[in-house]
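Order as written gives the chain letters A, B and C; numbering starts at 1 within each chain.
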Amino acid sequence: MTDTATVAPRARRRSTSMLRRRPFFTLGLAVALAFALAAIFAPYVAPYDPTFQDIEFMMTGPGAQHWLGTDSYGQDILSRIIFGARYALAIGLCSVAIGALGGLVIGLAAGLSDGLVEWLLMRLIDSILAMPSLIMAVAFIAILGQGVDKVIIAVGIAMIGPFARTVRADVMQVRVQLFVEAAGLMGVARLRIIWRHILPNVVYPLAVQVTIRISEAILVSSSLSFLGIGVTPPTPDWGLMIAEGRGFVSFAAWMSGMPGAALAILLIALSLVGDGIREEFDPKLRDGA
Amino acid sequence: MLLMALKKVLQTVFVLFIVSVASFSLLKLAPGDPVEIMLGSEYSAEAHAALVRQLGLDQPLVTQYLDWLGNFVTGDWGTSYIARADIFTYAFVEALPVTLTLAAFSLGLAVVLGVPLGVLSAVKKDTAWDAGAAVFALTGTAFPSFFLGILLIWVFGVKFGLFPVMGFVPPWEDFWGGLYHMILPALTLSTYFIAMIVRLTRATLVEVLAQPYIAAARARGEPGWRVVWVHGLRNIAMPLVTIIGLQLGTLLQGAVLTETVFSLPGAGQMITSAVLGREYGVVQAGVVMTATLFVLVNLAVDLAYPFLDPRLRPR
Amino acid sequence: MDKIDHKKVLATRIAAGLGRRAVLKGMGAGLLTTAASGLAPRLASAQSGGHITIAALNHIDTLDPHFTGFLAAIQVINNIHNGLLKIVYDGKAVTFEPDLAESWELLDDVTHVFKLREGVTFHDGTPCDAEAVKFSLLRVKEGEPASPHAWKLSLLETIEIQDPLTIKLTFSKPYAFLPVALNGSTGRAGTIVSPAAVQKYGADYGRNPVGTGPFRFVSWRENDAIELEKNPDYFEEGLPRLDRATWKLMKEPSSAVAALMAGQVDGMTDCPMQLVSQVDAFPGATLYGEIEGNYTFVGMNTRKAPFDDINLRRAVAWALDRETLLKQAYFGRAIQAFTPISPPMTGFYDPEIASSGRGQWFDLDKAKEFRAKAANQGEIEAVYMMSERGPVGTRVAQTVAPMLAQIGIKAKLELIEPATWVQRRNAGDFDLFDFEWVADLDPDETLFPEFKSGGAWNFPGWSSPEFDELCTQAQVVLDVPKRAELYHKAEDILMDEAPIAMMAHMPVYKVLSTKVQGFQYIPADLLNLHTVSIG
């Protein structure tokens, strides 16, 4: 790779939209949007009621009537996948929102405080990080009970640790920068400094993290289903469908294979989107690329 | 230096204390009674009361915690409630080495597969190779590990009969046997890391290859492979080590599922079954053990930085 | 005492109706035919040695027979220990035979005399004599800490050692449950443990079990394996054939099936319903399993609204489409249960029950009729708690929910983890749940403790003095048809008042590789390996 080769596309890049410059990002975005649309319009798109049990068609393979086959209750897998997109996106987005918000608060507090308070907050973050998040989720589920909302809370709480750590690291970086110190010296109110100067610099890297963590949240929730303590059946949740179908892998692989593929496609799409955003906007990567 | 070390130790102890209090209270907050679980469905109320008394579960929670703490720090980890397993043997002697072995093999596999793929991606940036490597890495992360494990078992274990599908052989007794039994579980657990290492390697290398000194090296006529592997990879060690430290929690979490699917008697399986069975002592031991591991590894990562990056060496 | 005399005496006593009540029909015949020849088919050419590995899928709590609450533990315990009696199965009927006892006599209907085998020693070398038997029985009955099975021997009044190998037990009532209580398997109360080992290990006996059985305990690694090795001094000559037996503890059933197909394990202690057809289709393994002494049901909480309403309960009982349930929840492997008494209870179970008009079955019109009589005519919301437990997990709940919707009951399915489920079940914190009572051999144990007014296992909280009275009467009736009549009356009350809606009698499976020979199937969830060899 020569120098001219890298310069030329960069010059072109500036003038075209991100969608055209980053085909993978565009593809990922399109797929993710398709899932989102399917989720929103599920009742109109899905060919069947996702929890209708058709005893005549138990464990039928993919075919004309049931495009992606049926599960062991005779429920249409395609319809369940379409409705399942709702739960996947809800779990992914909501639990990450909880984690990010909690992480932001604790991380900001830890980054901005001094002395004993900082020390205690840091140890709190360390402690949350040191407890395996799946184990924590299991414990929270045991306390809260089960269901989609409980899964969201359990997964979200378990995510506070990693977010808090990132936020704190960013706060520490921003805090020592000249403009912040200058503002402090000029007597600008503390809250205003946080609001005007620190938060914007912290929220942005957080947003990049969010795209990556959504996948993780969906995966953790499906792991809970594997352990038998996640989303309540017969909710058309992908993780639950994969977990329920695993006993039939050797002769009815579509039962967990189809939702598994849906999950994989969505996660790949999301991480393509995440990568695209990161590469486009992360100053460090942008200069390098 | 001594003061630093002392401070670190104090921090670690404090973190472990919080972790143990947290896991104890979480579990006690959860409904469920270990005695009801251990008695099955056919028992009398007297038997239940007697067992509760005998196990000290009728004591106030603070007393229970302090009793546990007192015993734990003096090396008496107790026994599990009904199976009467010695918790120290169970957790530390039997389960921990299994999980450590699994983690080590998985990390090894991830590095062995992830770094070359990442290099390929970076060198052949924006080509089909790059896309292929990205898709390969991403696909691995997009499956829940229990599902991936079951797929691997059916394809490579049953259909082709290539690898064992269960069991643990200690590699310190039989290295090749241990490796053989670890291939499928390690592959299952490492996919997440492979993807991460591919991305990391690619990003770092892309950045490095754009640096002036690389151009200089090329200009000097150094061969392409040497530029990449010597100059480029020198920069990967540090982020790699950092990631490993940071993601150890994820690894242990993945171990729970992988161990269950492959019937490995490790710490992950131990803690989950103990949480579900309300075996408070076992959970405590397991959580403190993994938390210690996490803290120690991160400490080691901190200590390793100066060796990996000369700029960080104390002057 | 001469063996033949003993048989004569016992046979006469059974025939004369003087002896204990036959728990199952055919017991006398079993005693006569097999006691003389010994148990094992002696295959001169059968090869010795070998190591069997079996995937153990269910929870094993302790190897202490007097403290365990789990059948999966009994499977292992039974290979390490013997009881005074044992269960034998000839393909048609289950019978009880002396095991450690050489003979078993009844002096009258409350006095049992056991003469023990000579020269039997525990794995630690101490003799298994009358003192040891007394020790074990007392450990169950009044030991400290209290055994959860103490109630099984509550009618035992005196234990008298007549000579070192003869022991006389006197009960306060003619005791129908005795053979089960004494038996080393489902009863758990009559298994004989080494007194020396109990003294040595105390509460840790369950980790260091010492019995007289065909295998000695070697090690138990949590979540990994339980290892047993051959007991060379076992009292049944030529047995066991295997050198070692490993119970590989596996949590994930689909992995166990894969391991079986890959040849890494030689068997499975259980086979979940959804995997049965896969295993059945696999040529390398044999599936053992028959309908056992069990029944599954949807239970309703009769202590509070809405199911304190008898008509609503009846509506539920008639609204469940059993055919669909059998197909969807049990993969067509179970049979419909009309009442709790199950097929292995010969003499009590009516093979023609489907056409007898007794019990509960699916009749939507009838269900709607009862629903119309119910106090609450609006849509009723009921909490149905379920858990990933039992033979079919949440499948029953998922299949039942749409059926309840047809009679205007909205089942709110709540998935909770097993520990919480157990607690809520015991505390009566539910409207609906499904459950199964398993491994019962006698109508008394299948009905009375489960539905006795105020009983600890009576989770629906149902109470009927009439039912209690009939069951209590039946306990002291000796004649099988008369006893059966009493239980049938009791069942009719239970079915009519419908604290439960009956579903199925299930098969309980064992899987062994075709390499394994000599396994004797017993429909009491046992996996005895003493006659097994591996090729």
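By our rule, a residue touches a chain if its C-beta (ideal position, glycine included) is under 8 Å from a C-beta of that chain, and two chains touch if they have at least 3 such contacts.
Values in this document were obtained by computation on a predicted structure and should not be read as measured data.
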Chain occupying the middle, per Cα centroid: B
More contacts between chains, A-C or A-B: A-B
Separation of subunit B from subunit C, taking each centre as the mean of its C-alpha atoms, in whole Å: 41
Separation of mean Cα positions, subunit B and subunit A [Å, integer]: 21
Distance between the centres, which are taken as Cα means, of subunit C and subunit A, whole angstrom: 47
Where subunit A touches two or more other chains at once, by residue number: 142, 229, 246, 249-250
Junction residues of subunit C - those touching two or more other chains: 254, 258, 261, 417-420
Of all residues in subunit B, the ones touching two or more other chains: 30-32, 150, 154, 158, 260, 276
Residue ranges of subunit B in contact with subunit A within the complex: 11, 14-16, 18-19, 22-23, 26-27, 29-32, 125, 131, 134-135, 138-139, 141-147, 150-151, 154, 158, 199, 203, 206-207, 209-210, 215, 246, 249-250, 252-253, 256-257, 260, 268, 271-272, 275-276, 287, 290-291, 294-295
Touching residues on subunit B, where the partner in the complex is subunit C: 30-34, 36-47, 50-51, 54, 79-80, 82-85, 90, 94-95, 150, 153-154, 157-158, 161, 164-168, 259-263, 265-266, 269-270, 273, 276-278
Subunit B-facing residues of subunit C, complex: 60-62, 67-70, 145-151, 203-204, 206-207, 220-225, 248-252, 254-256, 258-259, 261-262, 264-265, 417-420, 422-424, 426, 449, 456-457
Contacting residues of subunit A [partner subunit C, same complex]: 51, 53, 55, 58, 72-74, 141-142, 145-147, 228-234, 246-251
In the complex, subunit C residues that touch subunit A: 253-254, 257-258, 261, 272, 274-275, 277-278, 281, 324, 327-328, 387-389, 393-395, 397-399, 401-402, 413-420
